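Remarks on the structure that follows.
Per-chain residue numbering starts at 1, and chain names A, B, C and D are given in the order in which the chains are listed.
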Amino acid sequence: MCRWMAYLGGPINVGLLMFREDRNTIVHQSIDASQGAEPVNGDGFGLGWFVADSADPSRYRSTEPAWNDENLREITRTLDSPAWIAHVRAAIGSPVQQSNCHPFRHADTLFVHNGMIRDFRRIKRDVVLAIDPELYPQIVGSTDSEHMFFLALTFGLADDPLAALERTIGFIERAADRAGIADPVQMTVGVLTSEALLAVRYATRSLPRTLYHSNDLETLKRVYPDFEDLQMLPGDAHAIMSEPLGSLPGAWSEVPVSTAVSATPGAIEFRPFQPRG
Amino acid sequence: MCRWMAYLGGPINVGLLMFREDRNTIVHQSIDASQGAEPVNGDGFGLGWFVADSADPSRYRSTEPAWNDENLREITRTLDSPAWIAHVRAAIGSPVQQSNCHPFRHADTLFVHNGMIRDFRRIKRDVVLAIDPELYPQIVGSTDSEHMFFLALTFGLADDPLAALERTIGFIERAADRAGIADPVQMTVGVLTSEALLAVRYATRSLPRTLYHSNDLETLKRVYPDFEDLQMLPGDAHAIMSEPLGSLPGAWSEVPVSTAVSATPGAIEFRPFQPRG
Amino acid sequence: MCRWMAYLGGPINVGLLMFREDRNTIVHQSIDASQGAEPVNGDGFGLGWFVADSADPSRYRSTEPAWNDENLREITRTLDSPAWIAHVRAAIGSPVQQSNCHPFRHADTLFVHNGMIRDFRRIKRDVVLAIDPELYPQIVGSTDSEHMFFLALTFGLADDPLAALERTIGFIERAADRAGIADPVQMTVGVLTSEALLAVRYATRSLPRTLYHSNDLETLKRVYPDFEDLQMLPGDAHAIMSEPLGSLPGAWSEVPVSTAVSATPGAIEFRPFQPRG
Amino acid sequence: MCRWMAYLGGPINVGLLMFREDRNTIVHQSIDASQGAEPVNGDGFGLGWFVADSADPSRYRSTEPAWNDENLREITRTLDSPAWIAHVRAAIGSPVQQSNCHPFRHADTLFVHNGMIRDFRRIKRDVVLAIDPELYPQIVGSTDSEHMFFLALTFGLADDPLAALERTIGFIERAADRAGIADPVQMTVGVLTSEALLAVRYATRSLPRTLYHSNDLETLKRVYPDFEDLQMLPGDAHAIMSEPLGSLPGAWSEVPVSTAVSATPGAIEFRPFQPRG
């Protein structure tokens, strides 16, 4: 199990949203998550971010638990970003190493995954064979998540991210079916560029991991005029997160099962997620 | 909060007692302790051990969480030792760095501490001034625990460990009193040489951290003749641990509050622990 | 031995000056320094920086060799800073741990040191006793360098940095003299705030480590109008470095022995450095 | 470039041969190798060893430079082993992560490689397709070396190691030829079980990395009866190393180019190495 958070909107200080002590931040969830199968996500973490007016993301990833990484605190305290995504990891089998830390990156796209492909080792070779040979050498880690990302890139993630993810999961489910693996996919995924955020909540059969999206900030600001924290947030911002950051009524909604959420600054759209062949 | 375990007796495979999946081992307690204030002890760990016929201990310490340290698993699987002590750390303020990982070592002695000296920063200088100037330069970390160890060495830990610890805690409590710090000491400590194991459970006012000692193994073996795990243990062995390793009725007893336990192979003795000036 | 570099002037991209492949950057010097006693400075590194309009510095420090730290590359590629200082370490005795990585920091001041206090262990206690008890608890590492910094803070580094450093070195030399340590101090040090950079090159008796300062950039720009690299640098900038960054004739001058260099944007001043009692 | 050392013979203290200060040990070569293309091999290291009467090897691998790894020192000081192999790494492209540190391991076999497969990324997919699908999921790192090892396992390394390596290199050279890569293979490799050590020195066209084997110890002991270091070594021992450990005349011989050395306790055999289809 893992936990992740993504932000898109007007530039905001990253440290502010990652380290507030009285909030269920992503860093807090690294040591004491509330809603996951396991409370500890201490097997490394990563942060990917865009700076203003750039489509070229940077990353900071480490194998240390996020909760005691001094550098993460230092780096984010002066970092303002209009688009960023953070992930804390609970390893399931794959080694704890920097190349296995999310977000994964290709060109202008960042990718995170919470969940797993069941018995991935048994279908890994099929997946590898389906990945574009030009892309394949860029895989440097060993997780199911990174391979899922490169398969999605092969299927056109850069052009039509939702369709690419639907083909990716369809491919994996068929390969798993051939291998006799039941209920193979469990996931929430996040795909972030400087301009758009796509999140999907899906599992083949079981209940997928939790996922929440922030509600309209302009409305919330009018409802809570005295709520200082809220007023400082850019009005066009969206956050998507494994668990709600705070407990303000009306601030967060659960992403429905088998649903894709597409957000751009100031707009949000929901579509069904349907794996296909 | 931290958790620790010490073993003294006939040589035993260290990995066996640290990694059994169906037991509440010290490694299990690094991610999911039952009885502590906090379940996660993921801020580094350490193992100190003696090999047979040597009074010179070795150590393996790391800042990674014990639960995902492959090297610890590899090192202990072929390591047989008649005396060893392991510690998993939950840092309280001090940096997560190897020099702050227990056990601390001086000559033939290993030392671990679970607990804290409250507001240690305010009395650290007093403690430093009381430490033997010949010993002082050997302090390389920044924890209250390491300073406590070196103060105890100054007070004769090598010759009369119980008296030295009583003077150490007495000194700390008086310094804390002068500084207006209430209830300053919270501790279980373990002191191990190749021949003897001393453990103390104490707190100035509050309830000290939990501590358990194993009961007479020869008796247990007679009571449970069919219990394979038990029969393989050397009959003269003692284990002292923050939490019981297994759930065999009669196998473990809680160390009473303000009590010191002295164990040598085949013998165990309990004495009151009384800090003194 | 270590190597360091400091920059003060108009904001510049930090990664540009740290990673250019065809230059003798500080990162290059981590694996292959030219002028030091040892070519490898692989025992950790650190970067401290100010963002524009802030007097509050951030740090990134790691125990990995700088040359293979992906995060350093990622962090600096989008980091623009008007004042920053970087250090690559070759440990002499002290543990390789984050708290021993330079720059050290107190409030608005960053500090780096290349060199050593000979036999520091023998005078460490004297130094500790002389450090302001209010400051002492903030020491978290074990290096001679960090203690030198806190002694200088005790002697007024924030108000009159040169005088404070002269008293610091005077104190250390007298303590060393009492302990029978010959030629105790070997150093280049850098002290950086958001507004000023002070560098000192000094050794009690031997030849101090190398140190260079950049020459007047406006002049250089006129002399080399076609030199693109040069033209992009802010005209008021100063760099001070253990070894010259490039090989442009006239760009760098050696800091004379027993000399302090004080730089502010657009101005530079040289004074003799005289330890005093 | 990397450096490695393997030992096979009567049990010997591992620390003794890895850390002697006045010798060109493998740890010394991590910071200052004499004969390699690069003097620094600071991008991680690994040690694999057998204990007496066991065919099941253990490993200790770390991404830190070997020269400052305290744990390596601690672990090896009481470790006696009849068969062990150590490797210090200089990364060429692949991430510095534990899963990329040698030795690689499968069942009872350890494998190290110094050198490279040129432009491996361009033929990686071909190699992956040729690897036994049952073995493929066990690859957890991203180096050319690990893939070479698994290809050799596929070709029967466990049964006929020399033939398997010849087929492996033949396969790689043909794949490289199809991809237009000239002079693809540069290598010394070591393959160690509890009973046998195989080493190969080979490059497609250029001069391969250096490799040395120890000469007959019984003879050396008679020639140098007063040489204490030598007398303590088991008479049936063999060492194979990238660079000679000491400078005793007659102690080491260079392994010829395109040659395989097979050693068992007390016996050594040389054969030509001929890649084949």
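We adopt the following convention: a residue touches a chain if its C-beta (ideal position, glycine included) is under 8 Å from a C-beta of that chain, and two chains touch if they have at least 3 such contacts.
Keep in mind that what you see is a predicted model, and the values were worked out from it rather than measured.
Engineer: Out of C-D, B-C or A-C, find the interface that copies A-B, where copy means more than half of the contact pairs are identical.
Structural biologist: C-D
Engineer: Look at the interfaces A-D and B-D and say which one is made up of more C-beta pairs in contact.
Structural biologist: Contact tally favours A-D.
Engineer: Any idea how many Å lie between the Cα centroids of subunit B and subunit D?
Structural biologist: 40
Engineer: Could you tell me which residues belong to subunit A and also touch two or more other chains?
Structural biologist: Only 70, 95, 98 qualify.
Engineer: Which bits of subunit A are touching subunit B when the two form their complex?
Structural biologist: Subunit A residues touching subunit B: 31-32, 39-40, 42-43, 63-65, 68, 70, 91, 95-96.
Engineer: Over in the complex, which subunit D residues touch subunit B? Could you list them?
Structural biologist: The touching residues are 51, 54, 58-62, 70-71, 74-75, 77-78, 98.
Engineer: So in the complex, the part of subunit B that touches subunit C is made up of which residues?
Structural biologist: Per the touch definition, subunit B meets subunit C at residues 94-95, 97-99, 121-122, 124-125, 128-129, 133, 136-137, 139-142.
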